[in-house]
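Paired with chain B in one complex and with chain C in the other, chain A is shared by the two complexes that follow.
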Partner chain A sequence: MYVAVKGGERAIDNAHLLLAKKRRGDTSIPELSVAQVREQMPLAVARVMSEGSLYDPQLAALAIKQAAGDLMEAIFLLRAYRTTLPRFGASAALDTTQMQLSRRISATFKDLPGGQLLGPTFDYSHRLLDFALLADGEQPGPQVDPQAELSPCPRVLDFLADEGLMAREFDEGLAVPDITREPLDFPASRAERLQALARGDEGFLLALGYSTQRGYGRNHPFAGEIRIGEVEVWLEPQELGFAVPLGDIEVTECEMVNQFVGGKGIDAQFTRGYGLAFGYAERKAMGMALVDRSLRAAEYSEEVEGPAQQEEFVLMHCDNVEAAGFVSHLKLPHYVDFQSELELIRKLRKQASEQPAVEEQRA
Partner chain B sequence: MNAQSQITRAPEAGYNFAYLDEQTKRMIRRGLLKAVAVPGYQVPFGGREMPLPYGWGTGGMQLTAAILGADDVLKVIDQGADDTTNAVSIRRFFARTAGVKTTTRTPEATVIQTRHRIPETPLSGDQIMVYQVPIPEPLRFIEPSETETRTMHALEDYGVMHVKLYEDIATFGHIATSYAYPVTVDERYVMDPSPIPKFDNPKLHMSPALMLFGAGREKRLYAVPPFTRVVSLDFEDHPFEIQRWDECCAFCGSQDSYLDELIVDDAGTKRFVCSDTDYCMQRRDLEEEGAR
Partner chain C sequence: MNRDVSQSKVLHSDPQIAIRQRWMAVLARAGASLATYESALKEIDYRLIRAPEIGMTLVRGRMGGTGSPFNLGEMSVTRCVVRLDDGRTGYSYVAGRDKLHAELAALADAHLQGQEQAHWHARLIEPLAAAQRAQQAAKAAETATTQVEFFTLVRGED
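Here is the complex of A and B:
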């Protein structure tokens, strides 16, 4: 009789074996290689790297394979690995003006230095299933001119800032906190907020950003600039005293131009929201930029009206590894607590059914 | 060696003893020292991502990892039982990464990690209890903001908690909290004892064992040092009381242990058995010996 309650090591082992089988699927179909995932699912790899907070396409692809395509599980795998890695230094701030761009668009200016560069995008594709992909069709891509050089692409928002129309951001020169080492404290600094958002769930940030567009927290955004490309990472080792390049990473950066502020002696000026993600991750970067701006409500003395403006609400709930863990823990046994509730509810009902009788006696 | 104890195995290669690196353990131990010095106060700590999901005991595991030594004997329970799947999984984790001896017998354990129960067998001064905590903040369901609740603790502003309990009495005739029942520790901090049934609350009071609480996702830890006053909140005319069953354990006949309810047939027939499997086993062993 008691057997059903016993979980046991065998059951766990068998569950793991069944999962491995489920992941492999039909063995008459060739097994997916990690290299295939890395090369042919770059957007999935980008999301796992961003929210896993680790730039390593190979390990991200491995995590996706191991997680049977469950990206949140893959993010969790990468995070659990990341936490064991030693920290040997913090890089210099990325200089995204020096990016090797593969895509760069601005919704605020029709033309601008460096031009608009559409690059690889779903944006103007008609969402029609391409049955040619069902057959193993080669997709050659356009002719590339190896001699082509990009003209310099200064940041769009800097033009506005030079004119005094855009609030400038200042490096306060403070040590950069690491939210994966020190717990968040509220109110959080912007650096901490941006870190939390960079790790935050794409879907959650997308929905919150969307909510600000629909009126839950005032926000009138323009996509000032979105740029995607390779940027060099520089590190200044203590023993050297000068910075050396470590390599290139692909990032997506989004700067939103938002409603202006002013009054009280300050001329009206636009404000900005900032988003950055590893790899090709436009939706994530845009959602992040919208939420970053709405979380600056206090900085601009705006009334907090929507959930996207509430720092504690957003930062405590944007992490999908935490959220998925806590929701999934409901699957764990709760016999003891439930028994407590059963005992209580029976007691309350018993008392309620006895009470009318007492009143009748009185009558 | 006792049949219940597993043989010590070599720790998993490639990982530090008990998984966490020594710097992280130091950070956690510093937090624990502060927690012991200020009983019931929630100490923020730099919680790490563990290879188990948040909500599945990552806080408790980090504390266990930080205090575990090679000579320790570890017991892990979930819902009072050693054989529930998550308890098995966590016990295995430490057997793998620390190679420590594990046991199911409460008196033999030096460290007991638990979810939702305190063993029925009285604890001793050389034992440490580690609780897995989902929501460390007892005021959370009254005030969702952490900034607010920290201020309330600082000012010892616990009126809302009493109002909540009073409203229960006004609505239901009883305090409608049956687990995670709030306590006052050492006459200062109101503390969530983790989701143990209120049945277990009296075991916290003046316990000779050190009690450590870890919340991984929320990145908080707190403690009740040995022989500390722990009082469950109540009113003079509605004193705190623990659960009682009309039935006794179907296996060992215990009348004063916490019982789990099982539905044993399609007609919904119920049977009650001890939630603490080791306690139940000990009593049955004694009975058998007595019968011989």
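Here is the complex of A and C:
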């Protein structure tokens, strides 16, 4: 049982003031602005928006600044703010096929319509520290031909579907469950799983995805297509009776191609894993796609061998706000709690010392 | 990429409404650049039927990009309704938390539904749309510099 404590108000206030001072750092160095965080740490902003479950780059940047760079704390701040806003409704489903691409790659087909577009990426870099960044300098970017255009980029997995090697995804017209309004129940639907994974911790999903590659639930994945870019969001307000475009958001989408299902008279087919995240968040989208696939074990009558295939285990532990909350509560005063533990251990030891002969006999 | 194609699934079958959807898209993307037109848009008397209000929209994706929808997360949205003195009503729903943006977008929506639609189209929507197209094209041209051709090498021949 947890017994509350009170007091310490002045010390707590001072601790928060001291944190503000630590966040500011050396005052002879110019203060970091929220706009600087937003513009110059876009990948941190993306992570906070994804796991904070609110697309708002300015607020995510503010949260990062306030949290002194602790992204999980920033995610918590954004989640908390999110609960204060009214919801105007749900958007029309994003049409990611039509996004304005800033990156598009496929690891399954070398030559595809629209081509492979690397975009801004850490891939193929040597991971050597760039000491030039210690000095201020302009980053002019590559030489651009202003007339250059991108060709249409159809979905890569459609090529496999066209050949009948993979099932197409259709809108089944079901109601969309919302785990932020109705608590998760098991077994969960794929829509509930994807919502939970979309808010889930990148590190947790990455590790689980990695575990499937190492043999804890083999899915033999290939990155069929990764797309990053801006996509329009449309909302249909009841008062208007037609859909209204809200603007664009940046998203990362990953479609994994996995090994086969079939047999018993049904032709073998590839299977799909899907990942979608706010902002430029490739690792997150890949981890999500791997785990989406591994959690489809029951659907494909696969043996559940690894943690990544255990729906309840994954979904109940992927939220880092919940996880951090429960772990962090261990820091709160547990004085009364612990007192009873102390009494218990002393009693056990006393009993043992009074009956040495009996203990020896048992041993 | 062609945005018009992307809009085709949500564009209304009534051409009047489809035109309105297109200008609302331009206004929603305009952001702070709409402030340049503030004094022109406010030359007429108007009332706020719904003062700019910040809220959010639940963003949905589709499984595999084309399948059943699921909830991805929320995004911040600001909405506003204005009524001009002549009775026309303008609406806005714009991404983000910029209240001025929402108010000006609603005002522009009201102006664009009146007699002076052609005027506002030429003065406001066309230049904004052109700027947005140019920005998109510039981005696409940048991305095009990173288009790669991978060559498969034959292994095991020494």
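The rule is simple: the second predicted complex is superposed on the first by the 342 of 363 C-alpha atoms of A that agree within 3 Å, B and C clash if a C-alpha of one lies under 4 Å from a C-alpha of the other, contacts with A are read in each partner's own complex, and residues count from 1 in each chain.
By our rule, a contact is a pair of C-beta atoms (placed from the backbone, for glycine too) under 8 Å apart; a residue touches a chain by one contact, two chains touch by 3 or more.
Only a predicted model underlies this, so the values are computations on that prediction, with no experimental measurement involved.
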item: Chain B versus chain C as contact partner of A:136, first or second or both or neither; value: neither
item: Which of chain B and chain C A:82 touches, first, second, both or neither; value: both
item: Touching partner for A:233 - first (chain B), second (chain C), both, neither; value: second
item: Partner chain(s) touched by A:303 [first = chain B, second = chain C, both, neither]; value: neither
item: Most chain A residues touched (candidates chain B, chain C); value: C
item: Chain B versus chain C as contact partner of A:26, first or second or both or neither; value: neither
item: Contacts of A:100 with chain B and chain C, given as first, second, both or neither; value: second
item: Chain B versus chain C as contact partner of A:336, first or second or both or neither; value: first
item: Chain A positions touched by chain B in one structure and by chain C in the second; value: 82, 180
item: Residues of chain A that touch chain B when the two form their complex; value: 1-2, 5-9, 11-12, 76, 79-80, 82-84, 180-187, 312, 316, 321-322, 324-329, 332-337, 339-344, 347-348, 351
item: Parts of chain C lying in touch with chain A, wherever the complex brings them together; value: 1-3, 5-7, 9-10, 12, 17, 20-21, 24-25, 28-29, 53-77, 79, 91, 93-97, 136-150, 152
item: Of chain A, residues touching chain C in the complex; value: 49-50, 53-56, 58-59, 82, 85-103, 110, 115-121, 141-150, 152, 155, 157, 168-174, 176, 178-180, 190-192, 194-195, 198-199, 232-235, 237, 239-240, 242-249, 251, 253, 255, 272, 274, 276-278
item: Residues of chain B touching chain A in the complex; value: 15, 21, 44-51, 53-56, 58, 78-81, 83-89, 92, 115-117, 134, 145-147, 172-174, 176, 178-180, 195-199, 217, 219-220, 243, 245, 251, 258-262, 264, 271, 273, 275
